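The two complexes that follow have subunit A in common; it is paired with subunit B in the first and with subunit C in the second.
This part shows the complex of A and B:
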């Protein structure tokens, strides 16, 4: 059974039809990229799946269960985590407080151990655990956001523009870590404007344009597609 | 000094303060101290909403009014009811909490200036209701308010209008609210408040029910206001809509912001300072008299001018408040530090 299945999703807000009936799905263990230009409807799609922006019509199934009506704060209990656009850190709180907020809905005894795992994954965060997260560099903030999402123990992780506003060298680093996370068995949906890097590390991809999915398939195939090359890879 | 000695010293200072004040400045100033403690409770309540949860509330005085009128109506000759204070205070806190949720529910999706406008309107609605609910049935006494409210009393023992008695009662309750505030701040709900203040979407993704958490902030903050309202009614023996104007809301907000939003000790400091400063500035008249031999500027107008000037100076020189929490101070002082980190990071990234 597919881990996540989105069927005929329509989303409008402020009178604009942002998503016009798209279908997409994720198999367990996959890394799937959703690429497209600014304003194509990628983030709206993600926000609708998370229940933050209400959808107009369509179906969202998590292992066959309809999650379309579930309020966003309950999704974390179903193993869905979000790294929001612009990182969404609790800026005045320290790195460690941010990471611990990821365990807000958990009641188990593994929280401390998981925190240490995050520090092992991001040694730089361990160095700065007491620092206010708002004073970190962009790359470090992205690490905190990613670590915080991992603290929820997700099986499905949504990443909204993780490369946004980062220096190229930091983008490389963040994506290396994302790959490590995926190899740990977490299924990833990656929303990105940076099509090259998103397609180079994903198994499959969807290309969005003005609210529709215009292309989909294996990422290697999309990377060779002349249309994608011309529109998103600048070749 | 050992910690328990320090605590003991503070306790001694607080317990003997009214007597020293009376000796040095007279009873009027003990009364001002009583009011300062009342404002501490109010400001701590508003701090929950504004400081912890980051929801700007400009109508906070409405909850103070709810508590005060509840006490006044149920413990005065107005309806001939004389319920005891130990019942009325929790009732006032509870009623105000309900009103807090009533205000919170329709404003859940609002933030910042939009929320401020709605809360401002709410504060005014409550005041105008109190002002006009005297016809056709006299409920609130209208603009005349309610007089001859029972003082706080237990059995035979009554505080009457003793400034000392109220000082100790208010001190006890102010310390209680400070304790509750601190515990709330470090509780699970306190952390959720910080999260919704900083980023609502991320908070939701962490599994925080933002709706309930916000309503909780409104209700908790309002109940502190309701409690202080009841105390105010018993202390003054008289309530009227005039005491619950917008200016009062703004004053309480100033106490929170000036002291240090979200920092319990800072807020206490801010509220004591701002309740004493305007009173102290009354002395600018006599001071002119003694220096120049003549009063040049009318003290009543100069007083508010100096007060406003003090507020502006504090906000310019200490934007995080006079006594901010360590996190907040760090945030506002971090410009240079952040830049330095950014630079080292570029270097670090190149290195690994």
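This part shows the complex of A and C:
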């Protein structure tokens, strides 16, 4: 069974259609890219799946279970996590408080151990655990946002432009970590403007344009697609 | 010197009450950026309920302090329910409206509560029955009554508990997360509506306690007493840095002391032109000064980013 299946999803803001009936799915363990220009509706799609923007119509199935009507604050217990666009940190709270908020819904005894794992993954954050997260550099903030999402113990992780505003070296670093996360068995849906990097690390991809999915398929195929090359790879 | 000490004592007592009320403003502002102008009227309801219970039981033969405690036991749930309903009915539908809408609604709610109180308790000043024995002890020449010390100690304990709740508990974590980014808090599993409801309920419980103190200590209650009290507590919250818990306490105490000192010395300083009846002027003078010189308040931090 597919881990996630989105069917005919429509989302509008005050009557203006942002997502116009898209279908997409994720198999367990996949890395899937969702690319598209500014305003294509990528973030809206993720927000609707995570329940923080209400959908107009459509179906969202998690292992066959309809999660479209589950209150959004319960989705984390089903293993859904989002690294939001712009990072969405609790800026006045410390790095550690942010990370621990990721474990807010957990009741198990592994929280302390998982926190140490995050610090092992991001040694920079360990040094700054008491620092207000809003005062960190962009790359460090992205690490906190990613670490916080991992603290929820997700099965399914949505990443909304993790490379945005980062220096190339930091982009490399973040994507290295994202690969590590994926190899740990977490299924990923990666939204990126940086189409080249997104397609090079994913198995499949979707291309979105003004609220519709206009192309989909194996990432290697999309990388060779003339339309994709012209519009998103600058060739 | 004796006047100074006495006014200092009175100021700390008054300031403790301001601080309790200011905490209600600051909690709600901290979590949703809303100035709940009806908060002072919730204090009024607390005062009225305590006073009503005290009047009903004043000839029952029960000891005075027990009667006041029973009054408080009635006032706290009444105020909590009032606070909950205010948020649920008046503010929640405006959660995503422009900032001005809830502000105007807050003023409307305040007027509504005052009129309700006038219908229930009338337009007269109601006096608190003489049921509290007054002992006083002397402190370097200033006299401190038992009631005064209970107010100061009681407020102090409430503030410590609140600070613990906000900083160290799960609800506190949820409150801080909600205040900074309600959407992301939701993604972490926080039920934002519940957290906001609980914040109003918490602030209203403090308001009930403050209302009890005001009516028992000053011996009087009136349907529009919440207006001035609320405005002063709001001033205290702004003085300390609105949204900041320690700030509300500091602002409350400072404002109480400033007012009390002002009332004590204004007559002498102005050669009798202005008397202690000008006490209220100080609060607003302070408010204007803060807004001009340091709008973020004494302990105010840079306003955190909002989505």
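Following the convention adopted for this analysis, the second predicted complex is superposed on the first by the 235 of 235 C-alpha atoms of A that agree within 3 Å, B and C clash if a C-alpha of one lies under 4 Å from a C-alpha of the other, contacts with A are read in each partner's own complex, and residues count from 1 in each chain.
The working rule: contacts are C-beta pairs under 8 Å (C-beta built on N, C-alpha and C of every residue); 3 or more make two chains touch, one makes a residue touch a chain.
What you see is a predicted model; the values in this text were computed from it and never measured.
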| item | value |
| --- | --- |
| Subunit A as common anchor, with subunit B and subunit C clashing or fitting | clash |
| Subunit C versus subunit B, contacts on subunit A by residue | B |
| Subunit B versus subunit C as contact partner of A:37, first or second or both or neither | neither |
| Which of subunit B and subunit C A:61 touches, first, second, both or neither | neither |
| Which superposed partner A:102 touches (first subunit B, second subunit C, both, neither) | both |
| Contacts of A:124 with subunit B and subunit C, given as first, second, both or neither | first |
| Touching partner for A:169 - first (subunit B), second (subunit C), both, neither | first |
| Touching partner for A:136 - first (subunit B), second (subunit C), both, neither | first |
| Shared contact residues on subunit A - subunit B and subunit C | 50, 52, 71-77, 81-82, 84, 88-93, 97, 101-102, 104-105, 134, 148, 152 |
| In the complex with subunit C, residue positions of subunit A that touch it | 50-52, 71-77, 81-82, 84, 88-93, 97, 100-102, 104-105, 134, 148, 152 |
| Subunit C residues within the subunit A interface of the complex | 170, 173-174, 176-177, 180-181, 183-192, 301, 304-305, 307 |
| Complex contacts: residues of subunit A adjacent to subunit B | 50, 52, 71-77, 81-82, 84, 88-94, 97, 101-102, 104-105, 124, 132, 134-140, 145, 148-149, 152, 167, 169-170, 173 |
| List of subunit B residues in touch with subunit A within their complex | 188, 191-192, 194-195, 198-199, 201-210, 327-328, 330-331, 334, 337-338, 341-342, 345-346, 348-350, 352 |
